[in-house]
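Below are two complexes that have chain A in common, paired first with chain B and then with chain C.
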Partner chain A sequence: MADIVASSAAARASGRTSLHKVMQRKSTIAFLMALPLILMIFILVAYPAGYAIWLSMLNKSMTKFVGFGNFDFLFKRATFWEIVLQSCIFAITAVIFKAIIGFVVAHFVNNIPTKGQRKWRGMLLVPWVIPAAMSTLSWLWLFDPSYSAFNWIFVHLGLPKISWLGEAGWARFSVILVNVWIGAPFFLIMYLAALKSVPEQLYEAASIDGATWWQRIWFVTLPMMRNIIAITILFSTIVTFANFDIVRVLTAGGPLTATHVFATWAFKVGIESGDIPLGATVSLFMVPILAVAATFILRDISKRGSEV
Partner chain B sequence: MAQVSLRKVIKKYDEVLAVRGVDLDIADKEFIVLVGPSGCGKSTTLRMIAGLEEISGGDIAIGGDVVNDVPPKDRDIAMVFQNYALYPHMNVYENMSFGLKLKKTPKQEIDQRVRAAAGILDITELLDRKPKQLSGGQRQRVAMGRAIVRDPKVFLFDEPLSNLDAKLRVQMRTEIKKVHQKVRTTTVYVTHDQVEAMTLADRVVVMNAGLIEQVGTPNDLYHSPATKFVAGFIGSPAMNFIPCQLEQAAGALRVRLSDKLSFPVPDGRTARYTSNVGKPNLILGLRPEHIAETRPHIEPNQHDFDQVIEVVEPMGMETLVYFTLAGAEVCGRVNPNAGATAERSMKLRADLSNMHLIDDTTGKVL
Partner chain C sequence: MANAAVATAGAVRPLRYGSISRDRKWALRWSYFFLTLFAIFFLMPPFYMLITSLKPKEEIAAITNPWWVYAPTLDNFIELLTQNAYMTFFRNSAIVSVCVVIVTMLISVIAAFSLARMKFWGSATLATGVFLTYLIPDTLLFIPLFKMMSWVRDTTGIELVNHWWTMIILYPTLTVPFCTWIMIGYFASIPKELDEAALIDGATWMQTLTRIFIPVALPGIIAATIFCFTVSWAQFLYPLAFTTSTTELVLPVGIVTTLIKGDVFNWGQIMAGALLGAAPPLIIYAFLMDYYIAGLTAGATKG
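Moving on, here comes the complex of A and B:
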């Protein structure tokens, strides 16, 4: 009996010390310090994502579990595939133009003497700083078929008026244009920072090695900026792909469904048409497409991460 | 390979003159070192030869052709930078072959030249590595390899050893000299380190405040400096500058340092100095090795004097002694066994046969 008491006391004591040890461990402390963030991610990301997956498996009135019924339904609809294509065209074109414009303008700004640079940087950031829904409204007026500035100029130049948001092709162009206008400054600022981090002597070495300005960009600037370019493109692709406000304010997806992207169509189907499970299903389709892009880009970055 | 010549070359930044009219002729295959304190315009001069800085006045010619307005890429030069400036995303092979690749040299020839250069520099086994995986000395070799491969008219070195530790610096110094002996390309080398300048150069160019102070072989500069600046800059520990007067007494010329201490001027120099008798602001320049401990055997122009030593610095092979003479701090180099002790008097011997008389008003050595 005495043995048992003694051993259980010992066990308790050792239990206390081992708990104490666990608490002292660096990994435990690290975990505890990260816990608020982990909880926040769970509440703000994991729970809504799980809930969306759950919703996507219910019927329209959310009373019956239908498994992959909603997915099956979407796959058979031509509109869905149109949305997939439009989202891809929208995101890819917009990101390419944002990247090119950002890169070119970053070079110009980088060549401005430091004194005047801040002013230009500030001004060029304006489109990115204004809330997108607000600036899109002014674009909406610019695109107005009868009273807008654009068509006024066109008429005065003797050109035909354009129905900017009324024809499928022009509507797609307009939506992408506004997205590029808003998003390019982000690329500009990232590329400007990256440009400044390229040592001047590399350019000097390259020009002594016989490189023209174009070869200096191709063989020095671009390789030195590759990681920043990859990360900005990934980040921008995600944001552009999931864009809602610009399309919503400018065209609301019209004419018909010509400018719908995933987010606006999910809103249309889920909120406006009252089929929340189907809307959830649509929005879930963004995940696999973006996941593939992210995997490729991040793998490329980590592969090269060690060299610079 | 080619000669380089600079004619009245000027560099102006806004209103500041960084280089104030440099004239220099560099012979084919010559190894020239530009040396001077920081801000003396030596790097700017090199960068103007490279074409990285525009020149504000004068002419620069490489191989007889004036290149004032020729961009760096068309000057057929190669440059080694202080921080190496290797392309971090390319491996050693790609770094070395980059210039040839831009010139559209056939692949086979590139390979041959890169491997030959790598052989000279002993970096063949590093060809696949990225610069990040190399030590400082290895990067320096690669940077030199990149220059050699191109087989340019002129090599330009901009303080290439400044980022290396002391031991490696000495090693790479020898390496650079060996490479130059092998490839014999005209070389312009910039450094602030006078030891590098002395050991490497065929001729040293000492610059100060945007002007050339003196051009000459290392021995010329050391033994017959033209100005006080050169006399003080070349040599370590630096030459002693002791205020003095030149007086004519009993038919002999004497350098007077203080009431008690004066030395007769060596016979060979009397004629040269006579006109300066009584001139103000004269300075006696005497290198530390010409102030040593006394020895039984006395040579001509050597004179003993007693001096209280203030600081003793044993260096192993010699001992440096410091004391004050005529208000100037003076350094002497004595034998470690001479028994130099701080705050004790010691018999020293000055060797006047290597003296310099400097007019401090003009800064010229008389």
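Moving on, here comes the complex of A and C:
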């Protein structure tokens, strides 16, 4: 903004020069209006992303170029492969459950009379609205080893107590549960919007043909919602794969390294242990999955762009 | 729907009158039943947060029913709000979020206008690039950013690490791409005749933007503002990685790092703090739910 004013003022001062003419051109003004955005993207996103690749090829004190030394080092460590596995299990399981729960609840909300839907939708979206770090704290307290409110219920039902965050298996289950709790409402909202856009006539036609409710979902609802389902799952995969808050607050990767995902381990190695190049290397392993998801999303967007 | 039900019921059991409405009624009852179950699941942690924050210290450590408050008290809130640290976190968070909202909206509304309407060489590529930027997560960038900060300190002497205002520089990277993207969508849906008329009347581009586009796309701007505020309020990774002193922390990190002291968890206060921290987004959501949801769905359904 200031640039435009300053440069056009300067142009005016030096008389009606060719610079002035250039400044008056629509595309120049447009470019200047987008300039803050371009600068921000290049300095704070594109450059750091490229810099991460450079960092991953340095040694710990960042004095020597080691090529793929850091990658080589990681590939030989069993912990690294555990984290790859845990990241994949975490992301895939969480996304599947979020998608299923979101789909089912969206149908229930869509079933009830329209005037009640707003209220239910409002209540069910609350987990998404609360900052993840805050709500994870309440889960941490629900999972507390000695005062767990869940275990209190379990004991009263005659079930054994569970060490929610203390045992590797249960800790893995817990981080996924919290992730599903936070993320499912997002799917619910997206699916509900999609469900509303399916024309009523299609269901009527299906019913006249004698379709059961299951066939109506399989042959009418799902195909009509295919785009939204795909894009929501892709978005969610990216966010879940890069998740940090939940694991960090709930278990900080523990017990031992059982629940670490790429992001939390990169933080531990890069910031807490001070090995910046190794941390950068770990975080780079998120790139392949992000690239695949991004390609699909972009393809979908350009496809829809050409339809319009 | 009613017709559909008639047809199904007609095909399956032709002779029983009244079964249509009975089927509908049962479907409705089951829907309410399951919705209630899911609502309990979704609202249980915030509810538990609330009741824990109302409990006195003794009751939290007692072995009584944890799902009930026997002696409700506001002590946790009073203690928390009289602590300087918590108020500092809250103030830092509020200033950072408001500044980020202003910076983001200035950058993204102007850029979106230029990308949606004015077009220049490479503007289509840039629009796609903006969206791609939105997909790059903070967890990929925090390590190189950390290193860049120490480079800035070494070359210019400006210390960026361990200052809350650094967040005002960093958060827009998370908010600007998405806001620009949804604003492009909103601006593109405004009929061309409107800005052509304005140009014919002699309006400059800036006037077209402020007099026509911003008022017409106001719902989109509100949705983008809400998104922006909630993202900056909730951001956890950057402040955790870049700030350490108690006076420089923002709310989420402040609660997680200072209230959890070693093994002594002061759960009443932690829950009170988390509840107050969750309050601003929840209040905005309660009053502007439709805009909030519009912003949420815009990313995928527009564009």
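As a working rule, the second predicted complex is superposed on the first by the 253 of 308 C-alpha atoms of A that agree within 3 Å, B and C clash if a C-alpha of one lies under 4 Å from a C-alpha of the other, contacts with A are read in each partner's own complex, and residues count from 1 in each chain.
Keep in mind that, in the parts below, a residue touches a chain if its C-beta (ideal position, glycine included) is under 8 Å from a C-beta of that chain, and two chains touch if they have at least 3 such contacts.
Computed from a predicted structure; not experimentally measured.
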Contacts of A:Gly270 with chain B and chain C, given as first, second, both or neither: second
Which superposed partner A:Ser207 touches (first chain B, second chain C, both, neither): both
Touching partner for A:Pro199 - first (chain B), second (chain C), both, neither: first
Partner chain(s) touched by A:Leu37 [first = chain B, second = chain C, both, neither]: second
Partner chain(s) touched by A:Gln215 [first = chain B, second = chain C, both, neither]: first
First (chain B), second (chain C), both or neither touched by A:Phe235: second
Which of chain B and chain C A:His260 touches, first, second, both or neither: neither
When both partners are placed on the shared chain, which of chain B and chain C touches more of chain A: C
Chain B versus chain C as contact partner of A:Ala280, first or second or both or neither: second
Contact residues common to both interfaces of chain A (with chain B and with chain C): 204, 206-208, 210, 212, 304
Residues of chain A that touch chain B when the two form their complex: 199, 201-202, 204-212, 215, 219-220, 223-224, 226, 304, 306-308
Touch list for chain C against partner chain A, complex: 1, 3-5, 7-8, 11, 27-28, 31-32, 34-35, 38-39, 41-46, 48-49, 52, 60-61, 65-67, 106-108, 110-111, 113-115, 118-121, 123, 126, 128-133, 135-148, 169-170, 172-173, 176-177, 180, 205, 230, 233-234, 236-237, 240-241, 252-253, 255-256, 265, 267, 270-271, 274-275, 277-278, 281-282, 285-286, 289, 292-293, 296-297, 299-301, 303
Residues on chain B engaged by chain A in the complex (per definition of touch): 50-52, 71-74, 77-79, 81, 83, 85-90, 98-99, 102-103, 130, 132, 146, 150
Chain C-facing residues of chain A, complex: 1, 26-31, 33-34, 36-38, 40-41, 44-49, 51-52, 55, 62, 101, 104-105, 108-109, 111-112, 118, 120-135, 137-139, 141-142, 144, 147, 149, 152, 181, 184-186, 189-190, 193, 200, 203-204, 206-208, 210, 212, 228, 231-232, 235, 238-239, 242-245, 248-249, 262-263, 266-267, 270-271, 276, 279-280, 283-284, 286-287, 290, 293-294, 297-298, 301-302, 304-305
